[in-house]
Amino acid sequence: MNLNESPEDKAFREEVATWMAEHLVGEYEVLKHRGGPGDEEAYPELRKQWEKELAAGGWTCVGWPKEYGGRELSIEHQVIYHEEYARAGGPGRVGHIGEGLIGPALIAFGNDAQKAEFLPGIVKGETYWCQGYSEPSAGSDLANIQTKCWVGDDGDWRVSGQKVWTSLAMDSDWIFVIARCEQGTKGRHGLAFLLMPLDQPGVTIKPIHQISGSAEFNEVFFDEAVAKAGHIVGEPGDGWKVAMGLLEAERGVSTLGQQMHFAHELDLIIKAAKANGQDRNPLIRDRIAKAWSGLRVLRYNALRMLSGGADVALGREALIYKYYWSNWHRDLGELAMDVLGEQGDVPAEDFDILRLQQVFFFSRADTIYAGTNEIQLNIMAERGLGLPREPRG
Amino acid sequence: MNLNESPEDKAFREEVATWMAEHLVGEYEVLKHRGGPGDEEAYPELRKQWEKELAAGGWTCVGWPKEYGGRELSIEHQVIYHEEYARAGGPGRVGHIGEGLIGPALIAFGNDAQKAEFLPGIVKGETYWCQGYSEPSAGSDLANIQTKCWVGDDGDWRVSGQKVWTSLAMDSDWIFVIARCEQGTKGRHGLAFLLMPLDQPGVTIKPIHQISGSAEFNEVFFDEAVAKAGHIVGEPGDGWKVAMGLLEAERGVSTLGQQMHFAHELDLIIKAAKANGQDRNPLIRDRIAKAWSGLRVLRYNALRMLSGGADVALGREALIYKYYWSNWHRDLGELAMDVLGEQGDVPAEDFDILRLQQVFFFSRADTIYAGTNEIQLNIMAERGLGLPREPRG
Amino acid sequence: MDFSLTDDQIMIRDAAQDFLADKSDSGAVRRAMATHDGFEPDVWAAIGAELGWCAVAVPEAHGGMGMGPVELMLIQEQAGYHLLCSPFFSTVCLGATLLNSLGTDESQSALLPAVAGGELKLAVSMSDKLQLKADRLGENWSLNGQGLQVCDAVNDSMLLLFARAADGVGLFAIAANTPGVTLSSQTGWDATRRFSTVELDNVVTPMRCDNPGRLQQGGPRATALARLYIAAEQLGAAQRCLDLTVAYIAERKQFGRVIGSFQAIKHRCAEMMVQIEGLRSGVYGAAAQAASDAPVEILNMECAMAKALASDVLFHCAGEAIQLHGGVGFTDEYDPGLFFKRARASKTWLGTPEQLREEIAGVLL
Amino acid sequence: MDFSLTDDQIMIRDAAQDFLADKSDSGAVRRAMATHDGFEPDVWAAIGAELGWCAVAVPEAHGGMGMGPVELMLIQEQAGYHLLCSPFFSTVCLGATLLNSLGTDESQSALLPAVAGGELKLAVSMSDKLQLKADRLGENWSLNGQGLQVCDAVNDSMLLLFARAADGVGLFAIAANTPGVTLSSQTGWDATRRFSTVELDNVVTPMRCDNPGRLQQGGPRATALARLYIAAEQLGAAQRCLDLTVAYIAERKQFGRVIGSFQAIKHRCAEMMVQIEGLRSGVYGAAAQAASDAPVEILNMECAMAKALASDVLFHCAGEAIQLHGGVGFTDEYDPGLFFKRARASKTWLGTPEQLREEIAGVLL
């Protein structure tokens, strides 16, 4: 247990930092610290161009195997990469879902043709993906999928139904969907995992306006929309397995980068407090120290998770992580607005202030999406502490 | 809605205050502010003598009908009496259970012989009572009574079983007990309400030591203990009805007096803070203001309850009261110790400090006895908000 | 001592409830939010002319009903429950309260009858920063500077603003359409109540309203009452958050059960109920003090208590409403977000909870 | 960078767990609480002589094992879990840490080997108030005044006390049985760790321990490490509160169900787990910093974080343990009360959470 970095790690950190310092300039300067949660609508086209810039430097998909175009970085170097990317103010990654979710899923579960067709576009920063899991009646009860699919006369799949909470759908080319391929089944059985282009008749995207005014989530409606016969991942009936494997991958090294964004937000709070005198308010000082402490906990907790090896999901530290960071972040938003006071009442023109307002509003979603607080507590009590399961109705 | 007091009310307030100022002196001086929760073991004999002093002045059972020896005071005057009693530092009432619980129950449910036998002793401050409801397996699940009773060959009742959380048993002469008179029944049915002398073979009292070091609660064991044939209140099978009627009476006007004790505790905290400089700590100042605010809420909430008339138990203000005051009081205990700091670590010789330590420890019981927080929240959700009932196992 | 509502008070409360359920439902609130001035004129007209709410707390001598803070508190509770968008708050709760508390007889006679009749809108600053100067100009006054955080100022408002004069701080009335007045309104995150910055450039007005003999007691009393009325509104809003939530969880099913059957959800709602009922006791108690002979120092503490508690309880309940609505809770389509934004904005009005508690602590310690 | 425990570290932790489960169960703790000195000599003897815990963090040059803060943190976590009553904390976590951090080579050679061998008990003041004066007396020093909040001082302890000398504050070692020393110990609400006031009346000692060159860095480092070790103990105690509670609710039935099947109870336990695991990450992280090249300013913040969080988490968990045990929770017969008292007492040791956070804020702001 030692936090000293090896000379090699330090050199790699320097390499990433240098690349960022040299490339996140000029036309990309405006992207610094932009495009995060609640700010997804900022500069979508420029951010896609930035994805290609990253790809050109070999800084996409850094954890992927080399045979699929990745850098095959060690866990430690991936952490360093994400930290330095965020520390430099690297913008929210439009390619995140391709790189972090569907890419790894295809590497694990896809066939050779699928890998050949889809992975290069992700690595090059050219193809953007979004996710179609949740449905109006399948929120916390994720397996309650009503969207159905069947094989049409032409051998391709047809999909009808509705997905919801699909982020970045407007900026994406493709969506991956779980849909019920065996009618009459319930829960985790009888589902298929399909890859579908969004630009087709039969797919309608409707943005969901949030309380923060932004609309990064969408409803996606399918009306006999088409997925090619070759675009099912795994066999019909494997849908749940593939989807869950992919959710596992979601809790990855990128969280250390997320923490750097959090640290930046805390810095903005400190800056605002110094500017308006709240830095002398003892109750605010106490809460700023608490926020800083929570961020240390998050960092060490993530390091614990990453040091745990393959069985990481079994550890209590992994079970608590989503609950801890999302509630910490929500508290941070409240602290930010309490520091701003009346300054927080009107949408700010200064992005450093507006960002804090966004954090306040958007962070209310943090404790809801990807497993509400209530679901997280159930899981922790049942899997972490072995208490009796909650009965279904 | 007006808080001004009428001249008559003011005069009555003056009368009580004067009587207390003239009588809580001399040998009784040491009793000031003593004998409250967590301090029940203070001066038991002197406090019994004080009960007789009160009785001589006509200040016991002030709300009872005149025909039973009471003063038949209006609700408002009862409130004033309790407030002035507490404001003067009147000691914890050893006669409370007789005056506040069993007396009213006998007036409502007892027969003439029982009234004649028991009420005068209560009014005169000569007979002391305690309560036998809870059992090891009947805590939150109060109706799960295992103690059984049956009619012996001599026509008297025999009782066997165990009661727990019986306060003041050591200082009491009599106990009222609910026991199962119809074997094989469950829950609220088949119970009898019996009056029993404690000083008899077959009754064993065992004090329960608390974390605060005091032992005001007891276990009471019954081994074929005797209740006279005439000492059943109501009919066999009416036990639950009598017991519940009595618990209703418990939420009465005396709560305004309890609040005066709370106010005294807050004063002691302020005094301690001024003495050790914590009065300049902004975080402590914030919490002291919060505590004061909570006390205002308690007062107005109690006035709302009392103004509601007969159907008071239906109001949401009555449903929240126990939860509100007990959690407020527990927070007050934490505040007290945070103000004291290291001064709180060792049992104090100064009673003004020791009292705060007692509040800290004893108030942990406040959120447990007479309906735990968890049971209170169930009741509020189900009765107050109409949410579905929790299923039994 | 009597803590129950009179029949008249109950009638006023119930009438407000009925009117607002009809005229200030979710659709009406959203329509008002989208207007330039932040309210629908016909709702305001009904409040002033038909319902007579503006007259409730105006003395009978000035054409009012001569009732008091308890009645106004009850209306405000309903206004908060229905998130009423209206210059009622600024005109009656702030403006008329100021004039009642510290106005000269002349200014009361000049302004209160029109207020009571619903014919005049008053716009009042809620900031404690004073950036206005008043200079004598013959019989008149000339005002210069900025009025900050002026509530519900529109073109035909009468502005009531404090300004520093040679003889001390005074209260001045200025028609908003007087030459030299520039209103700049910005719609905040909470679009249900509007605030403007008002620039005054050599604005001439004849009307100085403060009665020096009333200022010392009346100033703190007006602030205390304004806090009480905000607290009442916050109380109503908190109650609405709970009611919206209970209605939602009684319908929404997950895992084959209504989510209101999950004990953890039940307890969270019960906790909201505890806080709301406690707050209601606190707000009603403070109102009862305002209607009694409490000295202004006591009233100050009571109303600071009510407003601090109300801000905290509303913020908690609005946050819980979002959380317990799940995904739809943070969408603009559902109503919890409206209350959440009001909760955030109102937290700072006339003092944050921390500032108010520090006021209380200053007396206690 | 490596955040996993080594095999040696795991072995040390597991051995401590086994030993304490056997020798520091509830009965043993209660026996120790009832003794005059607050610990059972045979348990202390086993810790020092057999298990070698006292040697863990002592340099090899002084007869120790030359390990570091991570190992000691792991032992302390177990000590807290089992509420170990022992002068181990004062001797090793406070005393040896002080000597390691800022002692002269001579004082280290004189004292550390006996500490490592379990032959010497050190008693150290935890107060930040300095009420001792040291005067030169030939080769020796004469001490006068009071040592406050001295931890685990018994008749055969060696006292390690700071005192003000002409050339600045120095650290002095005084055998507790030296003439002029008066120990007055008072058993606190938490009887598992004893504190004394020590009166020194012209007490003569030859041993001044501080190395002036090490004082500036070593003083803060020793304080930071001591906070870390307390935090580790609090972490263990918090974990025990959760474990006791989960065991109880899995057995206790009400309404025909184990109470652990009630969702609200489950969520409360899960919330404890969240806090405890977060704390564990924080404490382990601070220990890892202590074992790395972190400058003392960083270490200070990290350990202040760990101790503040640990105090809050333990207090919360101990309170929840009482509450979720119901009636038996506030009896002396069950164990939650013991942890609750430790939680309360340890909250102030080397800084309350508020004071520690103010230290952090002072750096950040």
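The chains carry the letters A, B, C and D, assigned in the order they are written, with residues numbered from 1 in each.
Just so we're on the same page, contacts are C-beta pairs under 8 Å (C-beta built on N, C-alpha and C of every residue); 3 or more make two chains touch, one makes a residue touch a chain.
Because the structure is a prediction, the values reported are computed rather than measured.
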item	value
From subunit B, the most remote chain by mean C-alpha position	A
Which of B-C and A-C has more C-beta contact pairs	B-C
Mean-CA-position distance for subunit C and subunit B (Å)	41
Rounded Å distance between subunit C and subunit D, as computed from the means of their C-alpha atoms	53
Chain centre separation in whole Å, for subunit B relative to subunit A (CA means)	55
Where subunit D touches two or more other chains, by residue	258, 261-267, 354
Shared interface positions of subunit A, touching two or more other chains	281-283, 286, 374, 377, 390
Residues on subunit A engaged by subunit D in the complex (per definition of touch)	1-6, 9, 76, 270, 273-274, 279, 282, 285-286, 288-290, 292-294, 296-301, 303-304, 306-308, 316-317, 319-320, 323-324, 374, 376-378, 380-382, 384-388, 390
Interface residues, subunit A side, partner subunit B - complex	281-283, 286
Touch list for subunit C against partner subunit D, complex	262-264, 266-267
Subunit B-facing residues of subunit D, complex	127, 149, 186-190, 195, 253-258, 261-262, 264-265, 319, 322-323, 326-327, 329-333, 337, 340-341, 344-345, 348, 352, 354
Touch list for subunit B against partner subunit D, complex	134, 137, 139-141, 144, 164-165, 208-211, 213, 281, 283, 337-338, 341-342, 344-347, 357, 360-361, 364-365, 367-369, 372-374, 377, 390, 392-393
